[in-house]
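What follows is subunit A paired twice: with subunit B in the first complex and subunit C in the second.
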Partner chain A sequence: MNFLTIFARNLKQGPQTEAFPLGPAFTPERLRGRIEFNAATCEGCRICERVCPANAIRFAKTPDGMTFDCWHNTCVFCGNCEFYCPTDAIHQTNDWDLSHVNADKFDMVEHGLIPNQTCVECGATALNTAPMVKNAKPPLSTEEYAEVRARCPKCRAKYLKNRKVPA
Partner chain B sequence: MSTHNVPETFSIPVGPLHVALEEPMYFKIDVQGETVSHIDINAGHAHRGIEYLTTKRSMYQNVVLTERICSLCSNSHPQTFAMAAEKIAGIEVPERGIYLRTVADEMKRVTSHLFNVALLVHLVGYETYFMHMMQVREIGQDMLESIFGNRQDIGAMCIGGVRYDLDDKSIAYIKGALDKIETETKDIIKTFKTNGSILRRTKGVGVLTHADAITCGVVGPVARASGVDYDVRREAPYAAYDRLPLVVHSLTDGDVWSRAMVRLEEILTSIDLLRVCLRDLPGGPVNINDRPDIPPGQAVTRSEAPRGEVIYYLRTNDTPQPERVKWRVPTFMNWDSLRFMLQDAKVADIAMIVNSIDPCLSCTER
Partner chain C sequence: MGLIPNFKNIATRSPWIYRINAGSCNGCDVEMATTALIPRYDIERLGCQYCGSPKHADIVLISGPLTVRVKDAVLRMYEEIPDPKVTVAVGVCPISGGIFRESYAVLAPIDQYIPIDVNVPGCPPRPQAIIAGVAKAIAIWRERL
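And now, the complex of A and B:
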């Protein structure tokens, strides 16, 4: 294209730059941004912690259960955690606006808690994680799922073993 | 020593900042008048120790770490690393994954080449056209961001396949973006063939003869512009390249203009390859959906990054971390050729000639 044509076209189109911060910025749906953690669906397998190349994710045992912390300023937004997470409990939102004043830097953390519970069967204290039942055949009904979830790992295994599987 | 003697040769420092890209490389250049008579290249300003770091990370973390070696070849590094791991573990990447790897690779090539040629126009001094070319590249960058979620570190690769998938909507979107880039690139090629300012500054400048290209062992577009008809995608096909109508472009003049022209022609070829990939995209899984341990072993793999051949050596042991990862990056091979290109060049052309090898400090000094 002759440069004059480009010039005319650009005059008509106006500036190509985005108006941000005065207007919205281009943000595609798939943008890999801020990490979000959902303790309710987490299996506590800690795969995300292992595959995170930046060591941004830390799980820790506390008297209340297991805490999850993801430091946004350490995270490199690679998406490894989401990719290898078996339940999508951790995922990247398309929120990219993580600017903050220096004083807030230690608050730039995604925090979660997988609470302790008392096993309904044996009374042991165990984590209320989502049960690993993705491969159970046939799939668990909602009631069965709740029953498994209310148990400790040992009783969960026993429950699943003794589950009546219709032939 | 006589105080009246005016030395005929001056030494001028070029760099370590602001040579072509804002990357640290130091040239000590001896000039006679306006003409370069001798150059010394000095690297090592930004060593990051990534090779060492890889031995402290697990194989799965390293896919991400290798991606961060270079932002413009950021797909080729994890891909070649993953290929090495797959070779050791005997992992077969599913068909769809193979095609999607090619798609990611070629998209990155398009934007990388556009970036380099745009910078050349900037160094020629044709700022308006530079802005225009960067805007064309922005179509590609938006495409990367929309498909992969990031403009540079696209995170497409994983050991055993790819991490992303395409649906009809995204395929239609990519096709639309490619059409736009293709039209614009054809115009850019026309401009490069006819525009007086560009031709005067780049034709016959920074020549690397075929013999010198062989001596230096240059790779990628630098080699192809000097008549070395070599492209890893054809010589040792990986991903889906053995099934694609790949055209390797080579020119014989070996000057700055030829190197830019090879890159521009390669953009059009990449767009063709992308279209074929999207048309022939097979169904099925995109990866092995597993995270197997990589057994002890060693492997060498290579691929054609936008800047040329990148080679990976990987040795694993019983631990999750590799024992050694070593890579030979394209720019490392191309630096030496600057000694020949800059010989007898004009001082004003130095930045342009340095840019013409598409230098990448971040991979040279990792």
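And now, the complex of A and C:
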């Protein structure tokens, strides 16, 4: 009689087969998929490049600044880069549908640019990275953060050292 | 006259799929087996079926970074597959070498030796991604036939 129970259950539940590719596919929220990079919050520490086991991430210095490239055809979706990124600039999305024809092979890349800027204090050319200010007491206000960001690394350190802490 | 297009319509319905393991870690092969054998994914809905002999194959799925040791065997097997064939590289290994890139023992990327038509990146790609790749391959195969 067992098969009758299974039969009844199957009638009620319908087929287990996923509709994909004729319908949408089930995608878990935390599926490890394509890498996404946000240059605006990147600190430029290059930890992601160092921890990537497949060497999928490359930074390069160009006249315009520092470029970021993540090659989806090399990335193994391990999530190391997101785990070690101190500023949450790199994210793993749950986008898994990366299949492509071979002609598009070299377009499968996440590209970003951290542009150069001129330091407002000393005039030196430096990268416009997001400053990582830990343990500032009280925490930096939005204006202070923008001021820190507009400086080169040396002037940033000077700015933070000379910052007046309200009593 | 009308017979030849009819043959073509019948022939383009159901490609046979063949798997070549070019030194893969088995991750991709497990996913390919999952794609074919588990009712949840069921690639036979697309009319495909795995076959045991390269001589019957239409679409060939290659996994693995083409290690130096299997290179000759893989190339010989690839030659045995009749034209027109469509090649799908499954996993990042055959596409770029993936985690094994720049090793002395692998010859990736595989498209230096074998013409590749569709790439399915992932380590391993999930079954749905393989199905998406096979669907692209079937479209290419219908054009070629």
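In this text, the second predicted complex is superposed on the first by the 164 of 167 C-alpha atoms of A that agree within 3 Å, B and C clash if a C-alpha of one lies under 4 Å from a C-alpha of the other, contacts with A are read in each partner's own complex, and residues count from 1 in each chain.
The working rule: a residue touches a chain if its C-beta (ideal position, glycine included) is under 8 Å from a C-beta of that chain, and two chains touch if they have at least 3 such contacts.
Owing to the predicted nature of the structure, the values given are computational and were not obtained by experimental measurement.
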Simultaneous placement of subunit C and subunit B on subunit A, clash or fit: fit
Contacts of A:99 with subunit B and subunit C, given as first, second, both or neither: second
Touching partner for A:16 - first (subunit B), second (subunit C), both, neither: both
Touched partner set for A:80, first subunit B, second subunit C, both or neither: first
A:53 touches, of subunit B and subunit C: first, second, both or neither? both
Which superposed partner A:108 touches (first subunit B, second subunit C, both, neither): second
Subunit A-centred angle between subunit C and subunit B, computed on Cα centres after superposition, in steps of 10 °: 50
Partner chain in contact with A:62 - subunit B first, subunit C second, else both or neither: neither
First, second, both or neither for A:125, with subunit B first and subunit C second: neither
Minimal inter-chain CA distance - subunit C and subunit B, angstrom: 6
Residues on subunit A lying within both footprints (that of subunit B and that of subunit C): 16, 31, 53, 76-78
Residues of subunit C that touch subunit A when the two form their complex: 39-42, 45-46, 89, 92, 95-99, 101-102, 111, 115-123, 125-126, 128-129, 131-133, 135-136, 140
Parts of subunit A lying in touch with subunit C, wherever the complex brings them together: 15-18, 20-22, 25, 31, 53-55, 71-78, 96-102, 105, 108
Residues of subunit B defined as touching subunit A within the complex: 57-58, 60-65, 67-68, 128-129, 132, 135, 138, 142, 145-150, 153, 155, 158, 163, 184, 187, 191, 291
In the complex, subunit A residues that touch subunit B: 1, 3, 6, 16, 26, 28-32, 47, 50-53, 76-80, 83-84, 92, 94
